[in-house]
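What follows are several structures.
Each of the next two complexes has chain A plus one other chain: chain B in the first, chain C in the second.
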Partner chain A sequence: MSDSVSIPAQPEPTDVIVAQPPRVGRGSGRVRSRRAAAAGDALVRSLVPVILALIAGGLLLLILGRDPVSFYSDIWKGGIQQGSWEDSAMRGAPLLLIAVGLTVIFRANIWNLGYDGQFLIGAALITGIAPHLLSTPNAVSLVVMFLVAMAAGAAWTIIPALLKSRYETNEIITTLMMSFIGIGVANILVKGPFQDPTVNIPQTRVIPLDHMLPSIPGTRIHVGVLVALAAALIAHFVLTRTAFGLRLHVLGSNPRAAAHIGINVRRLIVSAFLVSGALVGAAAAADILGVWGYMRANWNPAYGDTVIPFVFLARLNAVAVIPFIAFFAVLSNGGDLAASNAHLPTDFLLVLVALILLFMTVIEYLGRRRGLGGSYLTPGLRAALRVPLLRRRRASEVCR
Partner chain B sequence: MPPLVQGEPAQLTSASEQLPAVELVGITKAFPRVVANDDVSLVLRRGEVHCLLGENGAGKSTLMAILAGMQQPDSGAIRVDGRPTAIDSPRTALDLGIGTVYQHSTLIGPLTVLENLLLGDSRRLRLDFGGARRRLQEFAAMLGVEIDPDSRAQDLALGRQQQVEIIKALWRGSRVLILDEPTSMLTPQAVAELQKVLERLKAAGLAIVFITHKLHEAVALGDQITVLRAGRVTGSIDREQIRASSPEELEAEIVKLMFGDTTEAAESPEAHIGGGGQTHVEAAHGEIALELVQADASGEGSQPGIEDVSLTLRFGEVLGVAGVDGNGQRALAEVISGQRRLTHGEVRFMGAPVGKVSVAQRERLGLRYVTDDRLGEGIVAGLPVSLNLVLKRIGKPPYWRGGRLRRDAIERDAQMLVDRFGIRTPSVQARAGTLSGGNIQKLLLARDLSFDAKVVVFHKPTYGLDLKTTHAVRRMIGALRDGRAALVISTDLDELLEVSDRIAVLSRGRIVGIVENGPGAAEQVGRLMISDVTLGVRDVVDQELQRT
Partner chain C sequence: MIVLHLAAASNIFSKAVLTSLVAGGLLAGVPLMFTALGESISERAGVLNLGLEGMMLLGAYVGFIVAYYVHSQTLGFVAGMGGGAIGSVLMVVLCVWLGLDQIVVGIAITLAGGGITSVLQGAQFGTSYPRLGAPATAAIPLLDKIPVLGPSLFDQPVLVYLGFAFAGFLAWAFRATNLGLNLRAAGEKPEALDAAGVSVVGTRSWAALSTGALAGLGGAYLSIVGAGIFTPFMTQGQGYMAIVITMLARGKPVWVVLGSFLFGISLSIATALQLAGVNISTDVINMLPFIAIIVALLVFARRSYLPPALAVPYLRGAR
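Let's look at the complex of A and B:
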């Protein structure tokens, strides 16, 4: 496919399809230890950038004249202790759903970067129809609103999906454009038809507390967190154990092979987009119905932007991304307290995320040299990043 | 600008007494688990074509990589013009005048010939187009060819592209030219032209290394033949011996050197070349297996489509399709496999129209396509051999139940196929991308010949394979005469003469004739390939490609 050149490559998923179960009998020990070594490498590769980012962030705090120890302990306090872990969990729910939605489509090497628009359209529609569902039973209205948000998120991907499947239009551009339109339309909806007539601020009516998502008994955590966890587990199963998951993998790693072996590539592209958009929409439902209860104009949490590094750190594995999302949820939740105590803007947390990305790149480079674990990158992009090693690599190819 | 040819020109009288251009002495290179070159010595003389023969994995490529500066030998010495020299980088090799033409084109398609030639010229900021144009003229005159400096590389026929590659390799002033399987993509006419070019290069005093699998080329072109097996030089045939022996004797000698004295290996290529034409006359009267009726399809990029193609393939028959590469072969194959849409006409499979039937359904009906683009679309390199073997049955029982993958069933059958087709792989769990080219082709054959194959389309089935695998593949094609059918699209006329019952000739997307295989078929096919052509073939092909 011609556009495989122009589109940035994405990491090869670490994958249960490829990893094999230990075989019984001779050699099983070696297979298992090799797998264990591979898993260990993957762990090192995933954790080291995070640890380095925290260290570098600490140094940065020192330079700024803040105490890194108290900063990080504030994060611990504000993110974990005294029930604040429950807030962290709730903060993680939409992040996780978006992460899963992106994992699904990134595996097909398709870039859905329109998550903000998909998210906000879903959120706006929910807050708009919620007041009309107050008379229906709670369970029904919640399910309806989830479905509406998912349908809205999915619908917002249809134009990029069809353009890509029909005309191979670059989806990075189309999803971004649709995202801007989506953000605008959501604002129009909030300021226009869904505007709460009783207040002067441009915002929707507030959903009554008893019509929001119920809590898990014994905690303050809403069930949206469970929905997100279930979505991650189901997505992981589908991606690694089913024909659909394998088709996505084939499309992602060799689109021409996908056409050759008889996969309906056009339909698969559209399906991947719809699933991804629906999961982003579900994230909107979980966030609005679980936490906010209303939507203000110009509200855009841009969860997707913060989630993308973790999707790659987890190497497109829908289960492995859970701990990363949990980490970030704690970081951002506790970070509010830590940043205000240290008199820093909360944007400092984004610096930490950026440092993680930076160290991912460093580890990628070092890892190639040392043969450390698998790569985040596809072979093509990897080759491009390794100019200093070019000669050695070419030579090894020649003699193969 | 350096002179066209470095070093002093060859003296026609005493080429052998002269100092050799390059000498490799006792080169040893080991990689983990394999010794690629074991005490290999090679002498390259000015004005000589040195043919290097050997199976895949014999160590030819490593040796050439050492010569091109991409690998460093573990031990041994390299002498250039008698001086011990370390070729420690590709740049050094180029500066020494050692140029390589690889099997696959390294030209950048959208750039012009001139731009391609200037690519390696980073010595000054501004590109010297005028100088390059003059230099190209000099080289073209030396090679006796005509090349338009301003046409885009992708618009040139393959033979012409190769001439540009040769000039590119010589650009910095060469004393040694390495050609890696230069004839594998060429028509007989282009091969003949290459031969002329080589003669002129020899006369200009270049030392040429010619890597090939094809015995008759080595015999026809070589002034010196060296055979490698498992990293060692198993034998050398020099100029006098080549002059003194008949081609048949030489070929027998080379086969012995390549495969050792084992009768099995020695007889297989020979027996097969001899036994090709006899068995397949009576079987060609089965029912119609596959029929194309006035089929049109569009091409992509510079590749032409097909126009008004009508073909009939009967069960028990092998139908060959000959033609110069880039004359609609891919379009023809993909129209049958379903990967490309028909714009007009019909494809019928066992009488039923399948023009609108999906790729997957055609596969299930038993209509198979063994692609020529093995890495590009044949396999998914990151997936294990086992999954690649069942990839065309994705989502279907018994390998998938309710959408779920059944690993045990897949691995059991994959193991069976690996054994039956002799795919050499550490295990069925190994990633397909780690296999060698020949084994990847066996993997594709295992996938497409199994599961009730009825009609199989092969596209360049033995391209780039070594002799043993080539003959194994041709045997498999022949075996389809047991009541199945095969359509073999190939640019290798020898191959078609060996395996087919009839040979259709594809030219510019049209079938220009069909020839019964037998005595004289080669000439007839050759004539059809250049039919309605009064100019030289390559000129017409070039003009055609430029026009489209």
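Let's look at the complex of A and C:
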């Protein structure tokens, strides 16, 4: 086996999504520096869109006649300071679970945009069932409610999954339609069978505090946050180290190749949908059992919409998404205070999220050009920039 | 209870209910029709426009603001078209010119359109929602004299008649003009169009721009004529509905118009049933169009059609 010795050490396929050409270094030190450079590149590509979006959002605030500095410092105040970081952490739990659920299905290059319906169906069922579980031991009832929410979320993906796997019907459309139906069904449940008869507002009965998720000793943070973190780690392991994860990746890269190498594509599509829906359902359980304890009619936090950009920025990596979600949890928790202080609707955060998405696609495009040996800048821009730099460039060439 | 239901049932076919069903269906169907016609243009050209919802909202907001301050509905409609087109400029530059992911950009436009219109509305009016006057209408002579349905069907804003004419024109243009052929080629086999010497990027740009303008017009009709008021997120998924209608109609304008009014009627059932004295919760009513779509997809799944090059960016020389 002499030729195996001559094969130089190859960088590990660290992140499947970054379409880097396989670079073969001359020695291990060079490989490491290349890997570090690739990691740095990925970091830049992930952070720059966020920074640009915050700047553009600040400009927008200026145009609206608001003070961007006080807006962003309000976000810091309301999201981090004086124990509000604990609220931010709790806000992060459902966000992270949804992000992991989306990561799983996006890896297969399938779009599950029905998260709102899946979330609310799970939430409504939990709040309806909880009053009947008060006599069971706490641990049992919590597990049961998590399972119920996960089953509900998964069940809500079945029709899109079957349509996609059998007839290749566009899942974007079907999941969205199921989402609208789910929102309606959840409302009907809350206003109908699950409504608390003792209050006038249409809402469910409130789960007693001692039947909610216990908090981590020493903090107000409920254990749902730990569940979410564990889910992210487990999902990362499954996606990168198991056959299921590899199959998903193959399906996402090339469905025809997946069928060709004997993967049961139909079954895989359905199971990816089920896992994704179950994780969204778990997010509902964590949010209801951790924070709210009841559900009001027409309540729709629409967590999923805001999570999507961060799932992409983390390059469909279930662990890398954690810091992004932490960032957004702070932004969203502090944003409530900042928006009310600035007399703006909280929908301003949606604009920020959209800006992040847009800048992300642009940076990704520029990065792809760079990956192909081009430059971050278009030829015209580069020529324009080069003129003032010409003298310095010439000097450096002389030095070389 | 039973007597009450029987009484309600006999009311269902009364004049008022029938009128409100048909007229309401028309009122709710027109925004859908404009938006879905626009989507059929860009879908045929191979651009999936998931930002439709955001463009409708932009059109609704800009159209409403202009109509409110300038006191001209016509200018409002024009401004609405402009607002929608601004949204689609983003789509054109990022997706058609640079070949970025149409789905991601579409989602971003939807989020941005919803967020920014809500913020602007909030920054301007706070929590008050000013109202516009009743829209000006033009009655068609003779036809509006038909009893029961005549006054409600044939006394509409001029825009509605123009919309029907446009649908007919579009059907003819898709089939019989070079422009229509180019559009279809851009969606079916862009390489062939490129080889024939026609710019794929140019064709798709015009398609996406006109989609934005039509979606904006649909939104403006919704806020100026339909509601007479702008509220944040007032489209409530109608942009997505328009995409589905186009998909099921296979991009054929005549079917798009029919589908839009079918969904328009299902949107207006709520008020009609209330007039008939049948009280069904609004949640059920709001779900009806979406259930109808899912059922339609389950039944006709194999017959819905999307062009093969849809959502695939065309980059010259790329494999």
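Worth a mention:
Quick note on the criterion: the second predicted complex is superposed on the first by the 341 of 400 C-alpha atoms of A that agree within 3 Å, B and C clash if a C-alpha of one lies under 4 Å from a C-alpha of the other, contacts with A are read in each partner's own complex, and residues count from 1 in each chain.
The working rule: a contact is a pair of C-beta atoms (placed from the backbone, for glycine too) under 8 Å apart; a residue touches a chain by one contact, two chains touch by 3 or more.
These numbers were taken from a predicted model, which means no experiment stands behind them.
In the superposition on chain A, contact is made by A:Ile173 with chain C only, not with chain B.
By the touch criterion defined above, A:Lys191 reaches chain C but does not reach chain B.
Looking at the shared chain after the overlay, A:Ala243 reaches chain B, while chain C stays out of its contact range. Contacts of A:Val353 after superposition on the shared chain: chain C is touched, whereas chain B is not. When the two complexes are overlaid on their common chain A, residue A:Ile261 makes contact with chain B while staying clear of chain C. The wider contact with chain A, measured as residues touched, comes from C rather than the other of chain B and chain C. Residues 12, 17-18, 20-21, 241-244, 246-247, 249-250, 253-254, 256-257, 259-264, 391, 394-395, 398-399 of chain A are the ones that touch chain B when the two sit in their complex.
Residue ranges of chain C in contact with chain A, taken from their complex: 50, 90, 94, 98-101, 103-105, 107-109, 111-112, 114-116, 118-123, 126, 232, 237, 240, 243-244, 247, 281, 283-284, 286-287, 290-291, 293-294, 297-298, 301-302, 304, 306.
Per the touch definition, chain B reaches chain A in the complex via residues 29, 31, 36, 61-62, 64-65, 70-71, 89-90, 337-339, 358-363, 369, 371, 373, 376-384, 387, 391-392, 394-395, 400, 403-405, 407, 429, 431. Residues of chain A touching chain C in their complex: 64-65, 111, 113, 159, 163, 166-167, 169-170, 172-174, 176-178, 180-181, 184-185, 187-188, 191-192, 305, 308-309, 312, 343-345, 347-351, 353-355, 357-358, 360-362, 364-365.
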